[in-house]
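As structure tokens, here come the structures.
Same chain, two partners: chain A is paired with chain B first, then with chain C.
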Partner chain A sequence: MSYLDALNYILPEVALTFGLCVVLIWDLVVRSGRRWWETGFLTLGFLAVTAVLLVQRFAYPPATVFGMVRIDLFATLFKLFLVVATGFVVAFQLADRNSGENGRSETHFLLLCAVLGGFFLVSADNFILMYLGLETLGLSSYALAGMAKRSVRGSEAALKYIVYGALASGVMLFGLSLFYGMSGSLSYGGTMVGVSQALANGQVAQVAIATLMVLVGFGFKLSLFPFQWWAPDVYQGVSTPVASFLAVGSKGIAVAAMLRVMATTFGIELHADAGSEFTSSLSALLALLAVVTMLFGNLAALRQTDLKRLLAYSSIAHAGYILAAMATLTPAGFHAAALYTLLYGLMTLGIFGAVLYFANIAGHERIDGLHGLGYRHPIAGAATVVFLASLTGLPPTAGFGGKYYLLTALWESGHGMLALVVALMSVVSLFYYFRIAKALYLKSATTEPKKMSMPVLAGILALLAIANVWFLQFGGLLTGVQQAWGQLEALIS
Partner chain B sequence: MLEHVLTLITFLPLLGMAAILCLPKSQENSIRWTAAIFSGLSLILACWLWVGPFDSSVAGMQFVEKAPWIPAINANYAMGMDGLSLPLIFLSALIHFIAVFASWGITKSVKGYFALLLLLEVGVNGVFLATDFFLFYVFWEIMLLPMYFLIGIWGGPKREYAAIKFFLYTLFGSVLMLVAMVAIWLKTGGLNGGTFDIIELQQLAKGWAADPSTFLGMKFTTWIFWFLFTGFAIKIPVFPFHTWLPDAHVQAPTPISVILAGILLKLGAYGMLRINFPLAPDAFQHFAWVLATLGVVNIVYGAYVAMAQTDFKRLVAYSSVSHMGYFLLGVAAMTFTGLNGATLQLFTHGTSSAMLFLIVGVIYDRAHHRDLNDFGGLAKRMPYFLGIATIGIFAGLGLPTMSGFISEAMTLMGSYGQFPVHVILSTLGILMTAAFLLYALQRVFLGALPAKYENFKDMSGREAFTLIPFAFLCILIGVMPSLILDKMAATMQSIQEMLSYTVQ
Partner chain C sequence: MGIQLAFYFFAAMTLGFALVSLFHKNVVHSAFSLLGTLLGMSGLYVTLNADFLAMTQVLIYAGGILMLLLFGLMLTKPSETERSLKRIFVAVILAGGTAVLSAYKMAGTVWSSGDGELPASTVKEIGLEFLRFDEWLIAFEFASIVLLAALVGAVHIARRRFPIDDTNALLKAEQGGAN
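Take a look at the complex of A and B:
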């Protein structure tokens, strides 16, 4: 591959890097912090350009650039997901009336940095690059969490986040070094061969320890039990747009990276006909983690009174569903996990947008601030009900489509009990999700709420609600995921 | 028009909902009339199908529509109507139409109320007409949201509790149904040619029944039988899943209670006859005695608890529990008479219970309470209403010449050969039903009139308009049951064959 071809492949990354430089310079030199919305629109523009470039790259045959960056359909699909999600986050940020104006343009710069990190995380074909991507994403996220520097909660959140994060990525790095020791290679393909040989030589314990350590790093990003403790405090402490980025963008791209690492590092094991002892215990461990994660998330969410804390637990629960699909270690399960992640992004963006909308009116983010607002804001209220239905997994919404496919993958691979747990968990989740609907419609306001109209945000919510209903039929996402996975696996066999 | 008539029946109310949402909030009367017109159009179409093009000699689906919907999982938009769905879709259209008029007095957020009411009708009609399991499930769940808000916003003092209880119970059943649906779809091939077509599944089920392999000690058909059964049983509701019903009924506003008792409970029964039993005929036959027993428990226990009620609405709610028991008993017997009686019972209970709830509503609107011990002598002030109410109560207790008599008698006659003890026990239920309904009639209408009810007016024209169609149907079907039975016969024959299928 010529240098120019290679550059063409990573043009989205290049555009993004250029964009973040421009945003930073614009903020520092041209405007120095005043009129922060300008950098917001600049960021949206660069994200749009990146999205267009990504869409063009759907047609490219898969290739590894510089032996480091794997550009294939799977990576491009999730990069597009990340870019679109970040676009919504920036739009939410522009509409946020509760956070002060301080540091808003830095937020835009940091978001772009995080997206760039996410790009390399999901595209990496080498553990060092993967780790760098993860850290770029992580460090930008820590800084994002700390943007509200005058708020006690915000500072606490940032500190918690960074301490847990540093620990998790340290453990992960150690696990990666063990893999390197086994295989003598940092590339995914080389590690795959090394792991297979190590297992054949009976070094099961070494592989297991290394795997667990790498899992810690991903577990932190996905907020899986027992690495989820940071999530409620951080979500509550940061501004709503940043929380939505952590819940959708950061989590989604980490799921994609984890899928790629699992599918390639254990590629030979997963394709062995009999299925080794190692894969069956890995599957059992992941299934156990998934069950505990969904139980914890759903049960802890039942009694929350703060909206963002409730959504933090809900996002832990959803991470549990995604992990359950991964635990099958079958292609159908991986498809389901990827598909569910995409659809989860759709509904979660919606509900965070709704929280932002109503928090703008109430001035705080407690559930009782929503009382009776559904009648005064019919569009946002109705959209919120759609998001809640989608999160619960009720038809006719995307959440139901995702859950249907997830249950299929679980049942097909013989995890019938896991399927039953996932199904019953959605009954539990109904209870806390519909506390929001109850507040909006069944309660009446005790005090006269502020009169406020936010037509743009309401329009965005309506758009997301329509998308949530439309994607019940997957809208080609399922086929896309299947094709992408085919490309990813073609590398292994 | 005939090729899209089922779509029209289902989605005309959705069109009405869209129209209502476009109307300004203050135009309350236009909103009410829009709802009446669009639910009325559905009713006209349903009536027209009944008297006109419906061919009662055909057992299978008629007016079939089919279009690809989600190609990735081979889910289709497939609709069809047979002798089982015809009476129920007529009942649904009628009850929703009447419910619109019964809701005339609602003044709180009129726009939202009627929009949700019409959305509810879309879900209900869709369930009766869908012949694709996935579509069936989507319609089944679409009902939940409007119902939650209709009880939760316009209900009584404990409405929030009742609404979420209804929602949680039903969703619990639905997710079990969902797991069964996933299992069935995978059994037919999943992504490689799996199907949701209910008619096709009914044929494939014969193969599953013959498959002796087990999972955790139970056959595939046994698993799906119990999963589906739980889902539908909660809706009917079958003891011990009935506890949501009294709460939902008592808290719901009158028209919603009418819909709930008149048509929503029938969805569970319909689902059993359409999906649950035909897909697992061997499990159904094996567990028929359990169903019959549950049916008798419903009949006797429901009536027994109803006797103790002092809240008129709660009493009627428990009488619904009792009446739905006949359905299970009649189907479990697997005889042609029993099956016909059970299905007719759905229709007759739909009309009589709707009437009883309307009667409670008329009284409640005047007295603002429902305590039976606090009434008396209303006959003096409301003679016309007494006449109608007597018809409703007699229909409810199954007096000969009333429709309830026919269906209950058929059910019991049809089941006697199989379950003589069950039938004898359930006659106890008939006795108790007569007792509590007549005692209620006596306490409300007879005796001395308390001074505070002196100024009560007789029922208004609108109230009469909501009650008379049901009274008319109760008597009409009571003297001419063949009007419905003839339409159902061919389909019932085929359902009976499916249910009594045995592996050779």
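Take a look at the complex of A and C:
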């Protein structure tokens, strides 16, 4: 493939890089930081261009370009997810009235950097590029978390985030170097061969240690159980749009990258007819982590009074559901994890938008700020109820569809206990999600709330609510995911 | 002969500065003498024909890791109980265990010296490899975005917007915002 052909394949990345340079220079030279909404609209424009280019890339045959960038349906699908999610995040940020104006244009630049990092993270076919992508996403996220430095709580959260993050990525890098030592190759395919040889030679302990260390890096990004401590503080400390990016964009793309790494580095083991000892213990470990993560997230969420803290625990719980589907190590389970991640993004963006809407009115983000606002703001109130139903997994919403498919995948692969825990935890989640609905509709406000109308934000919420109902028929999306997975696996055989 | 002399010189330098950094009373001096150890090691690499490794050793360890260490020392309060007997005991066990384990492993490993002559210099080959577009070019270029993002984030976070003695006002503003 010639240089220009290869460049054509990564045109979305090129457009994004161009965009982030323009945003940075515009902010620095043209406007000197004032009128930050201009860079906001500029960012939205570049994201739209990238989205269009990505949609065109759906028609391209899968290929590995530049020696290490894998462009296939799976990567493009999740890139599109990330771009759309970030578009909503930027829109939320333009509508945010609670955070100060400082650093808003830097936020746009850093969001674009994080998106570019996510692109290479999910597209990488080589551990070096994957690590660079992860670090770009991570460093931009730390800086985004540090934006709220006027508040003591925000600074503390940012510091916690960066220290945990540095530790996790260091451990992961060590694990990757162990894989390199085993296989002598940094590409996923080469590592796959090396891992399978090492397992055949009985070096199970070495592979297990390396796998665990790599899992730490992903576990941090996904906020899985022993690595979830940063999430509540960071979500509470940062502004709502940034929190929504961490919960949806960063987490979603990390799930996708983890799926790709698992499917390729353990490809030979996963495709062996008789499951080896290694895969069965990996499956058991992931299942255990998933159960603990689900229990922790859901039970800790029950007692929260701060909306964003509650959503942080809820996003930990959802990471647990996704991991439960991955723990099956079957194609159906991987499909379910990918599908659930996409649908999770839809509902979580919605609920964060709703939090932003009501926090703009109340001036703070505690649940009691919502009292009596449901009837005064019928569109946002109704949309919130839809998002909550979707998060719980009640029909007729996308959350129900996603959870239904996830439970089926768990049940059919013989993980009945795991399915039971997911179902039970969904019932538990009903209690804390519907405390929000109760505050909106059944409590009356003690003081007269501020009169405020936000038609654009209400429109966005309505759009997301409609999407949440629309994607109850997830069939089309599922076919896309299955096709994408087929392309990804075609690489292995 | 000259190479051998240089090897022993750098080995002595590495060990000597390591001893200084162990036994010096002032912890900042200890950290600085680590610089001598790291430079000595890079000298060892040069005598062993690993010029690229020598340079990365200077760049990453002497330039990066040591700076990080110094920042860590300067930003944290020294603790009075730092050199208690108990901690030294634990450190001796951990370090001794690691040393014994690595010595045992090193003695048990069959070292292969590779085949053919060692190349005189590898820097040019490595550099060319970075610039070939179907090899490492994209990772090389993408690293600049990583640095750009880190730089912008760091500058933004480090930029001071409050007068330096106004931390109380900052706390008050936070509490006021919470009420």
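One rule holds for everything that comes next: the second predicted complex is superposed on the first by the 492 of 493 C-alpha atoms of A that agree within 3 Å, B and C clash if a C-alpha of one lies under 4 Å from a C-alpha of the other, contacts with A are read in each partner's own complex, and residues count from 1 in each chain.
Definition applied: contacts are C-beta pairs under 8 Å (C-beta built on N, C-alpha and C of every residue); 3 or more make two chains touch, one makes a residue touch a chain.
Predicted model, so just to flag it, every value in this text is computed and none were measured.
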Chain B versus chain C as contact partner of A:Gln487, first or second or both or neither: neither
First (chain B), second (chain C), both or neither touched by A:Ser177: neither
First, second, both or neither for A:Tyr3, with chain B first and chain C second: second
First (chain B), second (chain C), both or neither touched by A:Gln203: neither
Chain B versus chain C as contact partner of A:Ser276, first or second or both or neither: neither
Chain B versus chain C as contact partner of A:Val152, first or second or both or neither: second
Partner chain(s) touched by A:Val69 [first = chain B, second = chain C, both, neither]: second
Partner chain(s) touched by A:Ala389 [first = chain B, second = chain C, both, neither]: first
First, second, both or neither for A:Leu116, with chain B first and chain C second: second
Contact residues common to both interfaces of chain A (with chain B and with chain C): none
Touching residues (chain side chain A, partner chain B) in the complex: 332, 375, 385, 389, 392, 394-396, 400-401, 403-405, 407-408, 411-412, 416, 419-420, 423-424, 426-427, 430-431, 434, 437-438, 441-442, 472-474, 478-479
Touching residues on chain B, where the partner in the complex is chain A: 69-70, 72-73, 109, 112, 137-138, 141-142, 144-145, 148-149, 152-153, 159-160, 163-164, 167-168, 171-172, 175-176, 178-179, 182-183, 185-186, 190-191, 215
Residues on chain A engaged by chain C in the complex (per definition of touch): 3, 6, 10, 17, 20, 24, 66-69, 102-103, 106, 109-110, 113-114, 116-117, 120, 126, 128-129, 132-133, 135-136, 139-140, 142-144, 146-147, 149-153, 158, 364
Chain A contact footprint on chain C (complex, rising order): 133-139, 142-143, 145-146, 148-150, 152-154, 156-157, 161, 170-171, 173-174, 177-178
